[in-house]
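Quick heads-up: structures coming right below.
Both complexes below contain subunit A, partnered by subunit B and then by subunit C.
== the complex of A and B ==
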């Protein structure tokens, strides 16, 4: 290893939303020089059984920017140690390690985007594609006093899903939340969206 | 989607991700196994395992894989893709083991003992081989293990 003259990156942190994890740090500034960064990780297995083993990040060994998308590296719901060092030519900084370790079960889950439409008398919903780890719990009801709320689990992504055949003149409302199997958590529900069918009678 | 090994329930592990991790390593790992006439996870170990036994058996097997079979593997795995897939598999095994809490009550003794005898069959066969050959063979048999685990996986 080169002599550690170059300062180590500081202020490591992870922003994680909807199972997308971004590691960021303060850039190392050397006027007129290009700095590269190397990111490495170890899961709980490595830190328990072989703590000397660190695995290069899929996308950031090396990288130029002071951030790294580590989503593809975090593949189990265990604490992950993450470390970054800077290099400039042959000079290499010391490693900076994220404290505390990152666990994907801390990700922020937001209500998903949805598009509620009418296809004739059919109530149809199209959900945001958040990736294979997400399921959707869709709740829908007819907007009238005492109406029963129906629930449908949707695993398909980004394609229209039929919910209900609507009565003419009735209004129907929909809200949705996500569920992430790998961490066993739900997002909050979205705002309800309502649509109304015009008063025509149903075709025979 | 979760594992249900008898009374032991395990959430937070997606079986498909374990398969994908193993498939990424399978050819490299199984190509190193030169002993073709021996099988460690043979029928007597995994066949007709009762639900009650399954929690004891899977816990013993996964702990053995983590402590013994996978030992030093990361040092030998030069290929970056293999190291990444191995990390996925090993860390998900850590998750599963951490969530398995088999009952320690006396009336479960006969069940746990039966599971222990099955595990000992596997361990004895493992110990009859040279350690490196045994690690390579056991690692190559993870597909047999995952196939058996799949029976306890509920979508």
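== the complex of A and C ==
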């Protein structure tokens, strides 16, 4: 091991949105030199039963930039330890470890994108493809006093889904939220979008 | 229904993780004519009432014994085994409330089924037993998927 003259990366943090997890850190600066970083992780299992075992990240062992997409490494809903070190030639820094450990159940879930359209008298929705871990809870109703709200769970991704056959002249509204079974959480609902059989999409 | 303590979980990723390493793991198994999980169809005869107990016991079998007894040097395989081990750890935690509410009682049949598996394991040299048990993970994963699905009988 090279002597640890090279400073260790600082300010490790994870930004996680919709189950995409990005580890970032402050770059180590050595004028005129190329710095590489190595990222390793251990799940709670390793930290409890095999604390000496650290696993090289799928995409960042090594990497040049001060960030690493760790989505493919964080595959269970348990706390993960993450560490980064810098190398420059044969010199190697000490490890910096993320504190506290990261658990994907803290990911920020945003309302999904949606496209509400009419196909003749059919109310159709197309949902943003957020990946296989996402289900969508679609709520739709006819815009009139006392109207009943219907709910449909959609698991297909990125393809149009028929919701309702509309009556001429009536307006219908739709809102959606995501559900991630792996962490047992919902996103907030999206803004409602309304369409009228003959008219254009109406803002609320 | 009779099955209590269902763990709501998405098993697709963990099943995919095992499928990706199954061939490599099973290739290391030098005792092909011996089995640890599948003797006399042990798991398939588990009754709904015993699902929670057997789940708890077999999760502990893998977490406390099998994964520990296996040392993996290949990073790709190590990643997949880590995925599975941490998924099992998550399941253990998800089962804990049930155990506290005494809904995970072990009847004799379930205890016997678990003991058969441990006995099979102990008859082999520990590294061989661990690699064989890892190679039979698909048997356990299929059983978990079938028995912890909300709408299965």
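Rule of thumb we're sticking to: the second predicted complex is superposed on the first by the 198 of 204 C-alpha atoms of A that agree within 3 Å, B and C clash if a C-alpha of one lies under 4 Å from a C-alpha of the other, contacts with A are read in each partner's own complex, and residues count from 1 in each chain.
The criterion applied here is as follows: contacts are C-beta pairs under 8 Å (C-beta built on N, C-alpha and C of every residue); 3 or more make two chains touch, one makes a residue touch a chain.
Keep in mind that what you see is a predicted model, and the values were worked out from it rather than measured.
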item	value
Clash-or-fit label for the pair subunit B, subunit C on subunit A	clash
Which of subunit B and subunit C A:97 touches, first, second, both or neither	neither
Subunit B versus subunit C as contact partner of A:184, first or second or both or neither	both
Contacts of A:63 with subunit B and subunit C, given as first, second, both or neither	neither
Overlap of subunit C and subunit B interfaces on subunit A (superposed complexes)	42-46, 48-50, 53, 55-56, 58, 73, 75-78, 133, 181-182, 184
Subunit A residues touching subunit C - in the complex, by the definition given at the top	42-46, 48-50, 53, 55-56, 58, 73, 75-78, 132-133, 181-182, 184
Residue numbers on subunit C that touch subunit A, as the complex places them	8-10, 12-14, 17, 63-64, 67-68, 75, 78-79, 82-83, 85-90, 93
Subunit B partner contacts - residues on subunit A that touch it in the complex	42-46, 48-50, 53, 55-56, 58, 73, 75-78, 105, 133, 181-184
Residue ranges of subunit B in contact with subunit A within the complex	1, 11-14, 17, 21, 66-67, 70-72, 74-75, 80, 83-84, 87-88, 90-95
